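Order as written gives the chain letters A, B, C, D and E; numbering starts at 1 within each chain.
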Amino acid sequence: MIRTFFVVLLLLGLGAVFAGLMVGYTPDAELNATARYYADNTAADTGAANIVTAIIVTYRGLDTLGEVTVLFLTAAIVALVLAAGREKDPASRIAPPPAGELLTTGSRLLAPLILLLGVYVFANGHLTPGGGFQGGAILASAVLLLLLTDPLRHFGHRLISVVESLSGFIYVLIGVAGVVLAGGFLDNRILPLGDFGALLSAGAIPVIYTLIGLKVGAEFASMLVSLSETEEPR
Amino acid sequence: MREELRKRTVTAPDGQTFEIEPLKDYFCEAQPQVQRPAYAKIVEDLFNWARSESLWILGFGTGCGAIEMRPLMTPRYDAYRFGIQWRPTPRQSNLFVISGYLSVKTLKRVIRSYEQMQGPKYVVGLGSCTINGGMYWDSYNTIKQLADYLPVDVYIAGCMPRPEALLAGFEELKRIIRAGKGEGANRYAENFEWYKANQKRVIQDWDMPDYNW
Amino acid sequence: MTLVTLAIATGFALVLIGLLGALTDRNILRMIVAFTIANTGVNLVLIGVGMLPGRTAPILDEAVSVAQAAARIVDPVPQALVLTAIVIGLGVTALMLAYALRLHQTRHSLDIRTFTELKW
Amino acid sequence: MPFEWVQIPYALLTLFIVVNYGLVLTALIQKIGARVGRRHGIRIYQNYVDLLKNYALRTHITHGVMFYLGPVFRLTGGVGLLLFVPTIFGSEMFSNLSFAGDLILALYFVFFGSLGMALGAGESGHPYSAIGVTRGLSQVTAAELPLALAVFAVSLQYETLSITEIVAAQQGGVTNWTLFTNPLAVAAAMLSFLGSMMRPPFDVVLAPQEIPIGPPTEYHSAYLALMQTNRVIFPVAKVVIYMNLFFGGATGWGEFAVKVFCIYMVSVLVGVVFPRFRVEQSIRWFLVWAVPIGVLSIVIA
Amino acid sequence: MVSAIFILAIGLGAAFLLGLLRDTWRGLAYALTLAALAAMSWIAGSWLVALAGGLGPVEIRTAGFAPPFAIALRMGLPEAALSLLISLTGLLSAVYMRGTLMRLGRRAMAVLLIAVMALVGIVLTRDAFNLFVFLELTVIATGGLVLLSADPRALGAGFKYLVVAQVISILLLVGVIFAYHATGSLNIDDMAAANLVTLKGGAIAFFLMFVAVVAELKPFPANGWALDIYESAHPAFSAILSAALSAAALIAADKMLSIGGPEWLPVASSLGLVSFLGANILALAQDNDRRLLGYSSIGQVGLVLVVLGQRDILGASTPFIAGGLLLAHAVAKAGFYWLSGLVQGRSLMDWTALRGHPVLIFAFVTFVALLLGLPPFPGFYAKWGLVHALAADGRYLVLGLILLGSLIESGYLMRWFGYIIKRPQVDLPPLPSLSKRAVVLTAVAAGWALGWIWGEISGYPNLLLSIPLLFALGFLFIEWLPAWVKNLVAIAGLGAWFWYTFPGYDPLHLIYAAIILVGGAVILVASFDAKGRRVGFYPPAMLMYAGLSMLILAQDSFAFFAAWEYLTIGSYFLILRGKKSEPHALSYILFSLGGAFAILAGLALGAQGVLPFDVADLAKAPARLAPWIFALLAIGFMTKTAAIGLHIWLPGAHAEAETDVSPMVSGILLKAGLFGLTLLLMIMGKQSLYGIELTYVMLWIGALSALVGNLLAAFQEDAKRLLAYSSIGQMGYALFGLAMMNHLGWLMALMFVINHYIYKSMLFLSVGGVAKRTGTRDMYRMGGLITLMPLSFIAVLIGIIAVSGVPPLSGFGGRWIFYNAIMSSEYRLPMVLIFLSGPIAFLYLFRLIHTIFLGQLKDEHRKLKEAPLWLILPQMLYVAFLLGFAVVPGLALRHVDAYISEFFPAHALIWDDITITSTFGYWSPISIMVVVGCIFAVLFLWLLVLNHRAQKVKQFNIVYSAERPFRPETTHFAWNFFAPYRKALGFMTLPLVTRFWQAQTDLLHSTAQVSRRFYTGNGQTYAVHMLAFAVAVYLIWMGS
C-alpha cells in the first residue's frame, strides 16, 4: 500500500514533468527547417514519393539498420533463451490433435495471398504508405496463420535463418556500396533514381525495403517458430 | 624431590629438544674455599677491627628469641652506637643470630642464608635452645646443638637472654674477631663434609646444592 | 484543446497508466503488458508532436506536389522516428516475454518478488 | 677553558675532600635522625668502618659482567657528576673538570650511574632488584620534572647554561641568590630535591623490609663499598648543583660545608616526619604540587 | 584510412554473416567473430594513431547528406580512443569467453558483435535519436549477453535490467522528441548551437534526455539492477559492461552535457559525486568480489562524470583527465573481471587462491594501482590535473569529496589485497586456462602502456622513465635469482646512485641522501640473512628507496608528489610482508594515502593552477591561502612521521614487519615525513590561521607525540611495538625541534634525523635478531640472554644509552642542542611536556634491555645462539658509528650548522677544536668521553683488584628470603613491568585516538551496511528507484 502510494506520488512527479512539457508545447504553424528540407528536397534527392520512407531508408538509414538489427538481435536472443530451455527430445512431446481439414485448406489458400500482400506493401514502400516493416509483418502473419492452424508443422529454421542473415548482410553491403559509390553509408543513389513515382525508382530504396521486408518477415517468423516450439505439453 | 627440581625435557624455539637438570643448571656447584687472611698482620688487624666494629646482622628471626633483638634498636639499648645494625639481605650481612630454637624446617633456610652470606661471617647462638635444645630437648623436630650444623662463634645462654646479655655477647664476639679468631667461615669450609653430613642427617628432604652461593 | 494537445495528453496519460501498472503489479507478464501500454503512449506523443493541424500525410502524389509540399504536409520526421520506436519497443517486449517464459520455466513463478536472490 | 694537567690533582683533591665530608656528613645526619628518636645513633666515624669492612670482605660472587660493572658505573656517575661541576666559586683549583660541559651535562650525567646500576641490578636476576628499578624510574619521571623546569627558568633568568656564570650572577649579597630573585623556581627545585634524595616519603625504591632493599639486594663486599662511596659523593654533588644554581654557590670550603649541610637537611627534616609514599602517590604528589610551581616559574621567567 | 563507418559495418555484417553459417560450424563462426572484432579494433586503432598524430576530428556523413538531414558520425581523438577500448575489450572478452561462445553457438557470437558495434555506435554518433537506437541495441544485447553466464540467477538480473531499461527508454524518447520539436533538429551539435535549454519547453526535454543518459551510467542510488548483472553475468561480459559500456555511456553523457551547457555542469558534478561517494561507501560492505567490483565501477564512472561536470574549469585538459581516469578504470576493471573468472570462489577470501602465482598477484596489484590512480598510471596524472584545477578555482568541496571517496575506495581495495596476501589460503586453485591468463596479462600490459602514454603526453618528465624507478622495476625481472644476488645488486644500486648524485646535494639534502642511500645499503646488509629467493621483497623495497631518493631530488611539486606515492606504495608492500601485518599494513596505507591526499591538496592550493610548480614557490602562495596550504601539507607530512592523532598505524606496521624491514620503515621511511616538514618550514616559515600560529600548534603536537609515544612505549609487552612507539616519541622530538623555527631547533631535529636512523635501525635489528632466535617478540618470554647473545646486548646497550641522551654518547649532543634551542625559543609551555617525556624514555629503554637480556634465562633458551652474523654486522657498524659520532659530532653537524645559518642566522654554534660553544653554554664531547672513560677505568681496575676472585654463580643463586626460586618464568620480573606507573599515569594511555578512528570506520561501515538494504533485489523496486532518481533530480534542478 505504501509502495503504491509512493509510486503514485512519483508518477505525479513525472506527470508534473510531462505537464511542464505540455505547457511549453505549442504546435508549429510551419514546418521546421529539417522538415522543410525534406518536404522540398526529398523528391530531388532520393526520388521517393513517400517522404517518410525516404527518411527511414535513406536520410536516417542508420537508424533503420539499427532497427533491423534490433529485430535480428531479438530473434537471436529469443532463440538463445528458448533454446536453453527447450527439451532435448521432441519425441517426448505429446502431439496435440491434428487440425481439421477446413483449417488446413483455408490456411493454404490464404497464405500465398497474404505473402503477396506483404510483398506488395514493401515493394511500394517508397510510393505509398507502408514499407518493409509493415510488409515484413504481413509476411510473418502468414507464418503465424500456418502455425496456428497446424501447430505440428515443422518450419525449416535453416531457410528462415538464411533469409534473415542474407538479407541483413546484403543490406549492410548496400550501405557500404553507398560509401564507395555515392555520398555515404546507405546512400540510395548507388542506383539511378529513375522516374519519380515509378515502382522501380528512388535508387536503392525499393531494394533496401525489400530486404527489410524479407528480413523482418524472417525475424518475426523465426521468433514465432521459436516460441511455438516451446509450447508446453498439456 | 620437588617437581620443579626434577629433570625435564624442553623444546627450544628452533625445534631441538634437550634436557634441563635444574639443580645443576640453575645453581652454582662450587665448594666453599678456605680464605686466607691478608698478608700483613697489621693490615689484617685493621680489617678485623673494622669487622668487629661493623657487625651487620641478618634480619632473620629463626625462633622466639628474635623478640629480644627488637629492643636493641630502641633508645633504651641502641645497639647502633656499637656499630651494630641490621641488614635485610644475607649478601650484605656478616652476623647471623640464631634466635632461639631452630626447627628442622627452619634449619634448611638458615643453612641457605648462612651460605649466602659473604665471609668472614659469624654465628651467634641465642638462648639455651641453640646450646642443647633447651625446653625442646626432646622434640623430634628441633635441632639440639647448633654447633653441629653451623660454626658458632658465641653462645648467649638464657631462656630468654635479656637484651643486655645480647649486647654482652656481641661485645664478646667483637673481642673474638679482633683477636683474629672469628674464622667461622673457614672452619665451615674446612669441615664442610662433616657439617654437611650432620645437616643432611636431620634434613630428610634435601633438595638444594651442597653449598648455596 | 486542439487535437494535437489532446493526442499528446492522451499519450502522456497512457505512459503514466502504463508505468503505474508496471511499477505496482507483481506479475511480470502484466508488467510487460503495462510497459507496452506505456510505449504506445510514447508513440502517441511522438506522432502528436509531429502533427501540424490541418495538414496531410507526407506523401508526394497527385494531391500534394513537390512545390506545395512544405505548406501541405505534416512533419515527416516524427513519423519516421515512431516507426523505429515501435520496432524497438517490439524487440524489447519480445525479449522480455522470452525472459518471462524462461523465468517461469526455471522458477515456476511469475511474481517479480521471487527473483530477489541477488541483492545488497 | 683550556685543560691543564694540574687540574687532575686538583680534581682529586676535591674528590678527597668531598668523600670525607660526605662520610662525616651522612653519619652526622644519621645521628640527627637518631636523636629525633631519642637514640645516640651511630658513631661519627661509623661510615669509615663500614666502608673499610666492606672493602675487606674475603669472598665475593658475581652474576655476570653487567653485575660486576654496575657499581663501577654507579660510582663513575657520582664522581663524574662531582667533577663536572665547579665546587668553589672563584677558585681555579676547585672548578674541577667543568670545562667539559655545562649545566646540561651535569643534569644528564645524573642518569649515567642510575642506568649502569639498574643494568647491574638487573643482571643479578633478582626480581626485587627489577621491582626497585621500576619504582625508581617511575618516580624519577615525575620528580625530575620540576627540577628541569626550574633549571630552565633559572637559565632563562641568567641567560646562560654555564654554572660558573650562574653562580657569578648571584654574587654580591644574599638578596642576589636565586632563592630570592626567583623563589618559584627554587621552590619547585627543592620539592624535586626531596624526591631525588632517597629519603622518606620518597624512598619506596629501596623500601627496606618490603623488597629487601631494591636494586642493591644482591650487592655486597667491594661492590657495596663502591656504592657506599657513591652514596656519600653523589648527594653532595647534587647538592652542590642546587647550591650553585639557587643558593649563591660557595666561595670557600667553609661556606661550602655549611650550605651543603643546610640544603641536605631540608630533605632530612621532611624525611623524618613523613611516612612512605607509594609510587603512584608520589607521582601524583609531584604532578599536583611541584610541577605547577615549576610551570609557573617558566611562564613568569 | 578506412572510414570509421566500417567499424559499424563490419560488426553488423559479420553478425549477419554468422547467421548464414551452419550451426555446427562453430569454429568457423568463432574465427569470424574474432576476425571481425580484430578488424574493428584495427580500424579504431589506425584512427587513433592518425588523430593522435595531429589530424583534426573527421565528420562522417551517412546517406550523403549533411546533418541534420541525415545522421552524422564523428571520429575525434576521444572517439577513436574509446572505440579502440570498446572493440579491444570485446575482442579480448571474446577470446576469454571461447568456451562459452563455442557452447552457445553463432547466435551468441552475433549478439556479442552487435553489442560491441552498438557501443561504438554510441561513441561515434552525433544524432540524438540515433543515440537512442544504439542505446536500445546495447540494452537488448546486454539482455542477451547476460544469458552467457552459467549462473542461473542471471536470468532474474537480466529481467530487472530490461524493466529499468524500459523506463529509461520512455524518458529518453519523450525527451528526444520534444527536443526535436524545440530545435527542429535531431543533431546534437545543432541542439547545442540552438541552446536547447533556453528554448521554450527545451529545458525539460533536455532534462529528460539527460537523466535517461545518466541513468545508463548506473548512478548511485538508482543502480541496483546493474549490480545484479555485475554479480551474476559472465565475468568477461561484466568486463565489457564495466569497461566498454561505461565508456560509451560516459561519452553519451558528455554529448548531452554539450547540449545542456554550463547550467547543467553542476548537476552532472553533483550526480557524479553522489555516485562516487555512495558507491564506494557501499562497496565497503561487500563480500562478493564481482559485486564489489561493480560498486567500484559505478564509483569510478561517477568520478569521470564529475570531471565532465568540471569541464568549465578544466577546459582543454578535460579529455586528458577524464580519459586518464576512464581508461585506467576500464583497463583495470576489465582486468579485474577477467581475473575473477580465473578465481573459482566468489567470496573475497577465495582470491587467496592467487597467492603463489606471482604473475597474477602482479596483475592484481597493477589493477589496484590503476584504479587508485597511483603513479605511474594515467589516473595519477588525471587526479593531479583535476585536483589542481579544482583547487585553483576554489571548488574545495568537490575536491574534498573526491579525495574522501578515493580514500574509501583505496580502503576496500587495499583491504582486499591484504586478504589475498595474508588470509588462510582456500583450496580452490585459479583456473589454469592459458588463454584467459593471456587476456589478463594483456590488460596488465595495456595498463603499463597507458601509464607510459599518459606520461608522454602529460607535459611532465615521464614517471616511468626515471632511473630509480626503472631500477626498482627491474627487480621484477630478476625475481628468479637467489636473494643474495639481488641483495648485492640492490646495495650496489643504492651506492651507485649515491655516488652519481652526490655532487648535487647541499648539506641538508646530503644528510637525508646519506641516510636513505648509504643507510639503506647498510640495512640491506642484514638482508643477506634471508635464504632462498625471497620473492616479492626486492621490488617493493627498491620501489620505496626509489621513491625516497626521488623525493629528495624533486624540484617541482609533481615529481615530489609522485616520489611520495612511490615510497608509500613500496613501503606498504614491504610492511604487508610481515606475518600478522595485514590489518596494520591496511591502516598504514590508509593513513598514508590520506596524508598523501592532504599533501596533494596542499600542493594544488599552492600551485593555483600554475604548472609545473616549483616546490620552492610555495613561499609565494597568496596570503589568504598560505596557512591552509601549510596546514594541509603539515598534516600530510605528519601522517608519515606518525604525529599524535595520526599515529595509530605505526606501532603495528613497524612491529609486524620483517626483521630487516622494520629498520627500513622506521629508520629511513619516517625521515621522508621529516624531510617534507623540513622543506615546508624552510619554504613557508611561520603561518597563522585565525590568529593561531601554526608552528606553535606543531610544537604542541610534537610535544604531545613525544610524551604519549614514550608513555605508550613503556607499557608495551612486545619489544618491536615498544620500539615502534618509541619512534613516535622520537619523531615528536624532531617535529618539536623543527617547529621551534630557530637555528638550534633545526640543528637538533637534523641531529635527531641522523641519530634516530642509527639507533632505531640498530635496535630493530638486534631485537629482530633476538626475536628470530627466541621465536617470540614478547619481552617477558625472554630474559637472561646477555651471555648467549652478547653482541646483540652490546648493540642494545649502546643504543639505549644513545636514545636516552645520557653522556657520553651522541644522544647527549641532541639534548644539549635541544636545551640551547629552547633557550632561544619564544614558547615555554610545550616544553613542560617535553621535559616530562624525557625521563619516561628511561622507562621503556630499561625495560627493553632488562627484560630481554637481564634477569632470568628461560629453560628453552639455554642453547640459543647469537643472532645471525648478517644481522650483527650492521649493528656493529652502527655501534662504531655511534661511538665515533659521539666523539666528533662536528664532522657532520658543523656543515649543517653552517647551512642552517643561511635561514636562521642567530644562535649559530661555534666549533672550536674540541669544544662546541653556543650563546648559552658549551660542550666538549671529547673531554667528556676522556673524563668518563678515565674515571670508569680507574674504578674498574680498583674493583678488579678487590674482587678479582669473585665466584661466578648461576641464575638461581640469589637471596630469596631464605627460599629458592621455582621457575625462571615466575622469577623473571617482566610482565606489566610498570604497573605502578600505569596506576599513576595510565589514564594518559587510553586509546582515545584509536577509538576516534575506529568510530569513523565503524560509522562508514554501518552506513554501508544499512544503505545496502536499500537494494532489495526486487526489479520493480529498482524501477521505482530509477523513477525516483529522475524525479529527485528534477525537483533539485527546479529548486536551484
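Simple rule for what comes next: contacts are C-beta pairs under 8 Å (C-beta built on N, C-alpha and C of every residue); 3 or more make two chains touch, one makes a residue touch a chain.
Worth saying up front: this structure is predicted, and the values here are computed from it rather than measured.
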Set of chains adjacent to chain A and to chain E: C
Set of chains whose contacts include both chain D and chain B: E
Minimal step count in the chain contact network, chain A to chain D: 2
Furthest chain, CA centroid comparison against chain E: B
Higher-contact pair (C-beta pairs counted), A-C versus D-E: D-E
Label of the chain whose CA centroid is most distant from the centroid of chain C: B
Core chain by centroid distance, with centroids computed from Cα atoms only: E
Cα-centroid distance, chain C relative to chain E, in whole angstrom: 50
Where chain B and chain E are represented by their mean Cα positions, the distance between them in whole Å: 70
Computed distance of Cα centres, chain D from chain C, in Å: 99
Sequence positions of chain B contacting 2 or more other chains: 28, 89, 91, 213
In chain D, residues with contacts to at least two other chains: 59-61, 212, 217-218, 221
Numbers and ranges of chain A residues touching at least 2 other chains: 3, 7, 10-11, 14, 18, 21, 25, 28, 32, 34-35, 38, 59-60, 63, 66-67, 70, 73-74, 77, 81, 84
Which pairs of chains touch, using the document's own definition: A-C, A-E, B-D, B-E, C-E, D-E
Partner chain D, residues of chain B touching it in the complex: 28, 35, 38, 46-47, 50-51, 53-54, 59, 74-75, 78, 80-81, 83, 85, 87-89, 91-92, 94, 118-120, 185, 213
Residues of chain E that touch chain B when the two form their complex: 773-776, 859-864, 951-957, 959, 962-968
Residues of chain B touching chain E in the complex: 4, 8, 10-14, 16, 18, 20, 22, 25-28, 30, 60, 89-91, 109-110, 112-113, 116, 208, 212-213
Contact footprint of chain A on chain E as seen in their complex: 3, 5-6, 8-9, 12-13, 15-20, 60-65, 68-71, 104, 107-108, 110-111, 114, 117-118, 121, 125, 127, 129-130, 133-134, 136-137, 140-141, 143-144, 147, 174, 178, 181, 184-186, 200-202, 204-205, 207-208, 1024, 1027-1028, 1030-1031, 1034-1035
Contacting residues of chain C [partner chain E, same complex]: 15, 19, 22-24, 26, 28, 31, 35, 38-39, 42, 45-46, 49-50, 77-78, 81, 84-85, 88-89, 91-92, 95-96, 99-100, 102-103, 106-107, 112-113, 115-120
